[in-house]
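We just call them A, B, C, D, E and F in the order they show up, numbering each chain from 1.
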Amino acid sequence: MAENRAYILTEMTWPEVKEALDKVKVAVIPVGAHEQHGPHLVESCDAVRATEFCRLLAHRMYPKVIVAPTVNMGVSYHHMPFPGTISLKPATLISVLEDIVASLKVHGLKKFLFLNAHGGNQATLEVAATIIHEKLGIDIAWLQYTSLSREAMGQHIKSQLSGHSCEREVSEALYLAPHLVKKDRISPGDLKDLPYRYMSIGGGQIGVNYTFKQITANGALGDATRATYEAGKDIVEEALNRVCEFLEDFIGKR
Amino acid sequence: MAENRAYILTEMTWPEVKEALDKVKVAVIPVGAHEQHGPHLVESCDAVRATEFCRLLAHRMYPKVIVAPTVNMGVSYHHMPFPGTISLKPATLISVLEDIVASLKVHGLKKFLFLNAHGGNQATLEVAATIIHEKLGIDIAWLQYTSLSREAMGQHIKSQLSGHSCEREVSEALYLAPHLVKKDRISPGDLKDLPYRYMSIGGGQIGVNYTFKQITANGALGDATRATYEAGKDIVEEALNRVCEFLEDFIGKR
Amino acid sequence: MAENRAYILTEMTWPEVKEALDKVKVAVIPVGAHEQHGPHLVESCDAVRATEFCRLLAHRMYPKVIVAPTVNMGVSYHHMPFPGTISLKPATLISVLEDIVASLKVHGLKKFLFLNAHGGNQATLEVAATIIHEKLGIDIAWLQYTSLSREAMGQHIKSQLSGHSCEREVSEALYLAPHLVKKDRISPGDLKDLPYRYMSIGGGQIGVNYTFKQITANGALGDATRATYEAGKDIVEEALNRVCEFLEDFIGKR
Amino acid sequence: MAENRAYILTEMTWPEVKEALDKVKVAVIPVGAHEQHGPHLVESCDAVRATEFCRLLAHRMYPKVIVAPTVNMGVSYHHMPFPGTISLKPATLISVLEDIVASLKVHGLKKFLFLNAHGGNQATLEVAATIIHEKLGIDIAWLQYTSLSREAMGQHIKSQLSGHSCEREVSEALYLAPHLVKKDRISPGDLKDLPYRYMSIGGGQIGVNYTFKQITANGALGDATRATYEAGKDIVEEALNRVCEFLEDFIGKR
Amino acid sequence: MAENRAYILTEMTWPEVKEALDKVKVAVIPVGAHEQHGPHLVESCDAVRATEFCRLLAHRMYPKVIVAPTVNMGVSYHHMPFPGTISLKPATLISVLEDIVASLKVHGLKKFLFLNAHGGNQATLEVAATIIHEKLGIDIAWLQYTSLSREAMGQHIKSQLSGHSCEREVSEALYLAPHLVKKDRISPGDLKDLPYRYMSIGGGQIGVNYTFKQITANGALGDATRATYEAGKDIVEEALNRVCEFLEDFIGKR
Amino acid sequence: MAENRAYILTEMTWPEVKEALDKVKVAVIPVGAHEQHGPHLVESCDAVRATEFCRLLAHRMYPKVIVAPTVNMGVSYHHMPFPGTISLKPATLISVLEDIVASLKVHGLKKFLFLNAHGGNQATLEVAATIIHEKLGIDIAWLQYTSLSREAMGQHIKSQLSGHSCEREVSEALYLAPHLVKKDRISPGDLKDLPYRYMSIGGGQIGVNYTFKQITANGALGDATRATYEAGKDIVEEALNRVCEFLEDFIGKR
């Protein structure tokens, strides 16, 4: 049965893992965050989205993929002004990832994908992959999965300044894990002007320290009231298709 | 309604957290592990037990307690010979805990409990509490919760060499999270003789490097076939009562 | 006289620095690399380009900008298969940047720009800025400057798979520091097929460990034989204009 | 002669060490502390007790045991309110132990015992043993030696809340190193109520940050006026017997 | 032609490095500082002197020596009270050196010289050489080069309390890199009494924390007005001769 | 009485320390090593000499000086080829010193002297003093004490290549702690030619990685058969006089 045909490490006993390892080619590590997501998404949103996306991926790629436990906190200093947000230091996140990879390498795994659902983690994941590759000689890929959904995004998402608790993210949540959404409180982002020209958060090229408090009073971007299950489905499924294509290449290489 | 009357950070939006923080006195961090649990318990067992115990605790202590995201991996080198086990370095676990405490301190929390479900974490938690207290001036308690259930253990548990995937742990899982248990594969520990006299794993006083492979062929201790829901309930509820008593003292102090 | 009207810290005495600090608003740290640049550019290319770009910037923004000593090595593991390449660990680069910022903070500087000429540093710079901001409360921006030259790039650069020792970089060098170019050895990249679909090096969204040896036999991308001084001038000047606009905003903010 | 028949590294020349290493099977590292010990014991008490116990052990196990230099400071933050106390960070103590083990491994030693005389070190020693074993592949045991003296403790020690500068510790000192004891100032602990129920210091199961200032005004526990040489002798000799039994097993294994 | 006959890594392409590596025996790393040098020398003085000395050395030892990129900042806390000074932490400088050595070891280099132009780096270089040798098994020498010029110093230098922005250093700069010298502002050191007897800065044996602010009001020592090109030439050339003699021994060994 | 009139922290109770702290101005930390000392000195030689010198110093400076516990291991990689030698990593030694200083700062101490008896520690002590001063704002001096005994050395010591297990060190030991000396095995150093010209070990200026195995077959330098109690006394007493003069300046300052 479909539901069962996905290797999810947290739901397996060791004899089951032992048997799976004969067939598995890639370990996928879901990487999320614990941070404010506006008035309408709960704070574990990124951790749960990463987990659920990986579950679908493992099902699609069965038996070549196994899903590791979720890294359920990430680098979220820019959300700290909002209550409840927790941020790992970049060095902590790197250590957690290194320890997971080193442990699974002991069990024979040689290729890894960091499947990321939180933009604020992306630079740290690149640094982590560089460091871990140098130390352990393991090939690692990393990806913020919604960046792959170019077509579905173009078709469905109309909000400007998207990227957090927005039309796109609520759509995704409606498809992947609707319990994340407080449907009666969905609100558009209460946006402020960006403080500087060319900021990367606004689609520019310059990174700069900022907090979400500087750009949105309610912690959300875009207009989440436009979110739909259909948009979420198309975004997630396009990303899934692309990740599967990549993984086939990744597995096939040397 | 009861189910809702527990502050669980992963299930809250930031405006909900903001409101809760006026009443909350202690943050409880569930600390688990990802490691082999014999043929009959899945590898996330300790992480899930810690999470579910904390949910009950937050309910019981509402509105004085809030539950942080679960630390879902721990120090498990002694289980590495069994497939799927992941071990954090002690320094990594300490960093994760420090980052959680430092973040929640920003939001105004001043007292913490590390609620631990995995014996292999216990020394690291003590070191973490020492380090974090020195750095951040925060009061921290730490506890492997089943150690509090003296009476229920004496009444229900008959196995010798208990402590992992055993009569006690399966009983607990049946009460807290029955989906962790593969009921058709429950087996007694396939035990070997302990390699040295006075080992702490055997109830002695000498700590020494060892792996579970040296003491049990199937990764389990004790006799899990004797596990019952009732034993689990009594063990968990006794621990809950004691933790609540402690927290009342902890909150009341200065 | 123009040449002199730029605050370059390496060329000043302490009484000159003392006087300048009354007017300076931002310290710019040039960040380069020491790595192979194909048969036609010397290995210090990125360090020198960063330095020369900053010199022009300090002149343009005089007296609001001061240029720190150049960070002349960076994160270059992906070029290590080519002789002479030196790579810093990401943690080392972060420490160097932190020490520079901490020292200049003692002298009263409060805003910083990491002016980067090497793509491989970009993730580490973001992590560095995050860490240093948390520790020191200093506002930091970071930028790979050619990413700002959208118009000039569109007009001049025809090569595919640009980004290293290519038409764009040689053009820049001809304008900023022609001694970097071995004009008699300019060659097009000796390219191989990319190993995976959707790789970020190829304009995709998936980061993955790779080395330049896997994608180019001579260490160059694109077609450097098409490089011109004019293209270099337009690319550099467009970036300069944009950085100046950003810095005006950055200085003006609180 | 007996006194000479014990391998004590600090008292040997390198040619003597070279000869001894042919016969030695285990290196024992005495681990103490430098901290307040009430009005009647000097601050080096734990370091000296560890040293003297190891001297007896090396004599008893001659020629199978060699004693390393004493680690004469430990983790003592909980005694810092009393003048003179010095605390190592846990990470420092771990580094010291790792460097000793790594050095002696170069000389051919493969099994180690951390012989500990200070409760506050115990968790750090467990973490150290875990880390060092992972890094160096060396088998390590660790032990707070008085925990082995169950029978002698039951027979001799009547004080409640024992464990520091108490009836037990002064008795030991009278036997092992009487110069540690200021006999004219021996006083019972000036005890306060424990701040929380179930504290591990009080025999419970919950660890929590505290200082000795919170539980005793003069820095002592129990009633040291009841201490005797005979109690000390029985406690030490029972522990010695048990450690020797353990070491025979430890040496014999693989 | 002479100028070209020196292997300077920053000025070479990778194919040139590849060819050179067949003949090179030692990599020399110039180590400088960025710090105040009184009213008459610019702050990059030590970095530039180290670089230029190494250029002469590589020419003299061609083709046995290759010069790495310059470490252009060092340990300069004692100059921090003067504007513009930047200090690396000792741990940062060690990491930079380790990364350079580790990278060049990948390219086949096995012997290294840290050619130092700043006294404040000397202890850190010794520690770095110790650490890197233990980690990488590479033979490293380190040297503050002017310490070798005993004869020329005795003949030319008359100032007392020499060592920074003094008669000796300005003389050297006039020979090695005259653009470092602001000739119209050359001044004698504005000296204060040393705070303690036997200080190593005053030729004694006791090291102690101090800053240059405590010993000179203008940041210079000695009497730089006595500096000459001839003195600089003799000092540099004597050091060059001695370093070459050492390198012949160093290369010849094993 | 004299013997008692010296503040030695290891021999005091906390009430005694409390009283002493009203008068004490400087804490002196004895720093030794555990390493081979040829056929005639035991391996703890440097740790014991440092301790005994400090005891005399505390007596001479009573009540202004207090002696901390001895750092009984140091940086000794260059002695590792001889059995029994233990080396701390430089970072470990720095951490130990930092923890001691930080702890004693809590008790009110503000000035420190690292009294060193082992040349191999000297660079690490300078780095440690720099780091700790920056972190804690504490004034620290450091000294290898025999370097102060210029006159007595010139008068008594005739050996060339002195510095370890030599005429000077055995003389000192005869005066400070005769039990360190195996009098029936005193031998001259079994010296080899130095491998390179200008080595600092041979009185030159170039530091370089080496081991004592390369320069002496029996681990000793010089000619220890010439050692006398009188030479030791004069060397120690001259150093004591100079250190006392320095400490008077050090205490008097600000």
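A few points about this structure:
What we mean here is this: a contact is a pair of C-beta atoms (placed from the backbone, for glycine too) under 8 Å apart; a residue touches a chain by one contact, two chains touch by 3 or more.
These numbers come from a predicted model, not from an experiment.
The minimum number of touch steps separating chain A from chain F is 3.
Between the contact lists of chain B and chain D, the overlap is empty.
With contact taken as defined at the outset, chain D and chain E are each touched by F.
Ranked by distance of CA centroids from chain C, the top chain is D. One finds 49 Å separating the Cα centroids of chain B and chain F.
We define each chain's centre as the mean of its Cα atoms; on that basis chain B and chain E are separated by 56 Å. Centre-to-centre, using mean CA coordinates, chain E is 29 Å away from chain F.
Multi-chain contact residues of chain E (touching two or more other chains) are listed as 89, 91.
Taken as a graph of touching chains, this assembly is arranged as a ring, one closed cycle with exactly two partners per chain. The sequence of chains round the contact ring, opened at chain B and continued through chain D, runs B, D, F, E, C, A.
Of all residues in chain D, those touching chain B in their complex are 75, 77, 89-91, 122-127, 129-131, 133-134, 139-144, 147-148, 195-198, 205-209, 242, 245-246, 249-250, 253. Looking at the complex, you find that chain F touches chain D at residues 9-15, 17-18, 21, 34, 36-44, 47, 68-70, 72-73, 80, 82-89, 91-92, 95-96, 98-100, 103-104, 106-107, 182, 185, 219.
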